[in-house]
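What follows is a group of structures, each given as structure tokens.
Paired with subunit B in one complex and with subunit C in the other, subunit A is shared by the two complexes that follow.
Let's turn to the complex of A and B:
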């Protein structure tokens, strides 16, 4: 069974503090294969099971094609962790939600962890986790990794998500009619190539965005024999967007 | 009145109206918080006036004229500031 948990988040959200707290000294560090991006993974043992936790590079986004962002994106899309924790800075939620929404377009198995809650309270910021959870459609947990607040609740939620006791319905951004129509056109083609292996709506959006680095990754993911099929989808997309 | 971001003075609060950039750079600026509707503050200018530092949400980000001259915004009154 896949028991991998990925940790994603903006820089300076205390993601690594949380990682250290969850894994303790059971860590392996190094680089991602072929990249100059630091890689850390460790083990977390809860009441129910032992999980493997992977600390993804801290990024503002998963689209801008820096090496860090590619590593984080590829891990979530191609390695498919069973669960992704998105760590947000409680004092800067508006900025941080960008990444959370991007991850929620890629996978439904998400827990939003709002870290630095002690600092936010000092600044007079009140966060309604229940309401946020209702609106985002995924569990939202307030915590402070530094003060060890909210950790027990986080561990319980991880266990419950892993045992599928919690069902999520991530909020999906609705785009303009034009884009939504194009997504609808593309989705069946993408489904034919990837089946349910990869999130079709997300790939459709990346194709519409003309994300070259992702095309290359998709091609190597498919392997030599199937490459032409994705090229056909990309080509038909380009024809539609430029031909009109 | 709408102006490009490099034309405001230090201390001005600006509501971003549009980005005339494409592709990766547009995406990057959006990710950093330069989103239409967001209010940013001109934080500091370097001695020669380029780059200029802006405060976006709680972060200071410096942009060169190459980028800032393609972002449009309008100056707003101090009272309606929603971000510290």
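Let's turn to the complex of A and C:
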């Protein structure tokens, strides 16, 4: 199995342009199972390896506001892609960063891709990628999918992240003392249920937010536990037999 | 100790309940507020704005285009300008193309005479196929080649989302989802595609409203009909620029009527069959992008004009042959075509149309592009042969069949309001998976089209206006 990379981002950030550029013609399109949300998947081959890229629906946040948001959230949390690229629009970083911060609460394997950098420069917006990367604790790459700027650097960073040559320390939002207190109190109990399988701090936050849809997903995730562990065994056997 | 999955679920349920008691009504706002605040702080440190490069227009364009005072007048003005230029511009290439076709027709006729070809072959190939097809190209290509690129430029510039924004509150007031303004604007391109796009409306109730009312805005297949008929009939008493101006005004009026009908039907549905409260959502306005002008023009011409024309010609070519045959094979002492048209005629007359027009709408069910071609075939095949040598001749064809401004107006309205085309119906079925709602999507517009044209025809005749 190729390692999987998820592509997240706000609508109108050129996410699809980037997806098309990275995957070329090797794409499969369809719907997410049981949803009326478009699903696109493709292959990316770099110098080091071939990856599977999954284009998540474009969303403004990752709460349970809509089917799109649920699909994107479930993929990052339950399918655990090896890496998530968050695509931001360089001309409205401030608004787009929200989504990046939310993704960084869910997973540490994140690259922030700031797209449409050519347009931003024309409008007199200068982005200090190095500084932003220091702040966020994850790689930040300036690119323009349309003009094919910064793509080589992105591919290198993807390889390096996959080989763990880059370690990330994603910036975590510090909430009010009261909320933090509640999170601290819930976290150990959540860890007992999920271990290191799912991001406990994030789940604590969602539970505090009374997120019914996520709660249902978590329940069915636990219910599938036995089944998936059996599937995993079959999978690994298969992989071995392929290798032999 | 490792827990089994049912114990884990029980524990999770406990945690969910426990967290719910800790949750406060302001917690979500606090979380979101904090995220926004953090985003702002972070971007302040690493993003630099060069104020000199942002112009006054960049900052204020949206304020103007979506303002309560200027938003609507600007919208009407834009639409009016586009249609005015289309009508004004379509005449010249139309004449040129028509001349070209009639020259070629002369050559072909000489060729057939030289070969001593039988009359029926000449009839089918030249009077049926060639003449029919060349009419379609002459009539439809010029307006499309002007209208589509201009519309595409507006679209690529980012103006259509502003139109949606302006209309948004009307949809909310009519009990529908604000996003319906987006699916509606999409319908100006293609209703079949717009039906698919109604997936962006999440609530099933509101999505159904969006689907059922989408065809009340004219699509690519219907724009040429509207523009052509308005240009020919709607300003007969005026000449020159004034004529074009009034014709354009009529098309704008028809579009507004379509939008009003969309809102009215949405409102009626949300008060009766599809009751409920509109859901809340945020509409983001994407940034303006300077379109790649030549790229857009070429793409629009190739993709849209050629696509629509191809569909029209592909059907028009065989249709013209079939129509010619039907018009020339007699049962008793009248042709098959006459029988069909005669059967429809009494009902069609009560709607201010005639049997040919209604027949063309029925036969044109597969695609709206072919309604006008089929109509012309029908007229041309029934004796009143007119040579394609000027755009005005098409009007003579219509006049020879007793057209008045009422016929033109009601054909425009029927085209605007009638049942969706075959492709759109198929998509509606695919999206709703319900025979009942697919039928409703057929019956509601058809009913409205019949009632509207009937009332207008009766009122106009009662007052002796035609």
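We take it that the second predicted complex is superposed on the first by the 220 of 244 C-alpha atoms of A that agree within 3 Å, B and C clash if a C-alpha of one lies under 4 Å from a C-alpha of the other, contacts with A are read in each partner's own complex, and residues count from 1 in each chain.
By definition in this document, a residue touches a chain if its C-beta (ideal position, glycine included) is under 8 Å from a C-beta of that chain, and two chains touch if they have at least 3 such contacts.
Since this is a predicted model, take the numbers as computed values, not measurements.
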Inset, instruction - Identify the partner contact of A:205: answer first if only subunit B is touched, second if only subunit C is, both if each is, neither if none is. - result: second
Inset, instruction - Using the superposition on chain A described above, determine whether A:175 touches subunit B (first), subunit C (second), both, or neither. - result: second
Inset, instruction - Name the contact category of A:131: first (subunit B only), second (subunit C only), both, or neither. - result: second
Legend entry - Of subunit C and subunit B, partner touching more subunit A residues: C
Inset, instruction - Return first, second, both or neither, reflecting whether A:94 touches subunit B, subunit C, both chains, or no partner chain. - result: both
Inset, instruction - Please work out whether A:60 is in contact with subunit B alone, subunit C alone, both, or neither, and reply first, second, both or neither. - result: both
Inset, instruction - Residue by residue on subunit A, keep only those touching subunit B in one complex and subunit C in the other, then list them. - result: 60-61, 91-92, 94-95, 98, 209-210
Inset, instruction - In the complex, go through subunit C and note every residue touching subunit A. - result: 3, 5, 8-9, 11-13, 15-16, 18-20, 22-23, 27-28, 30-32, 34-36, 38-40, 42-43, 45-54, 58, 199, 202, 282, 284, 286-287, 289
Inset, instruction - Write out the stretch or stretches of subunit A touching subunit C in their complex. - result: 11-12, 36-37, 60-61, 66-67, 89, 91-95, 97-98, 101-102, 119, 122-129, 131-132, 135-136, 171, 173, 175-176, 179, 182, 186, 189-190, 192-193, 204-205, 207-210, 215, 218-219, 222-223, 225-226
Legend entry - subunit A to subunit B touching residues, read off their complex: 60-61, 63-65, 91-92, 94-95, 98, 209-210
Legend entry - Residues of subunit B touching subunit A in the complex: 23-24, 27-28, 31-33, 56-59
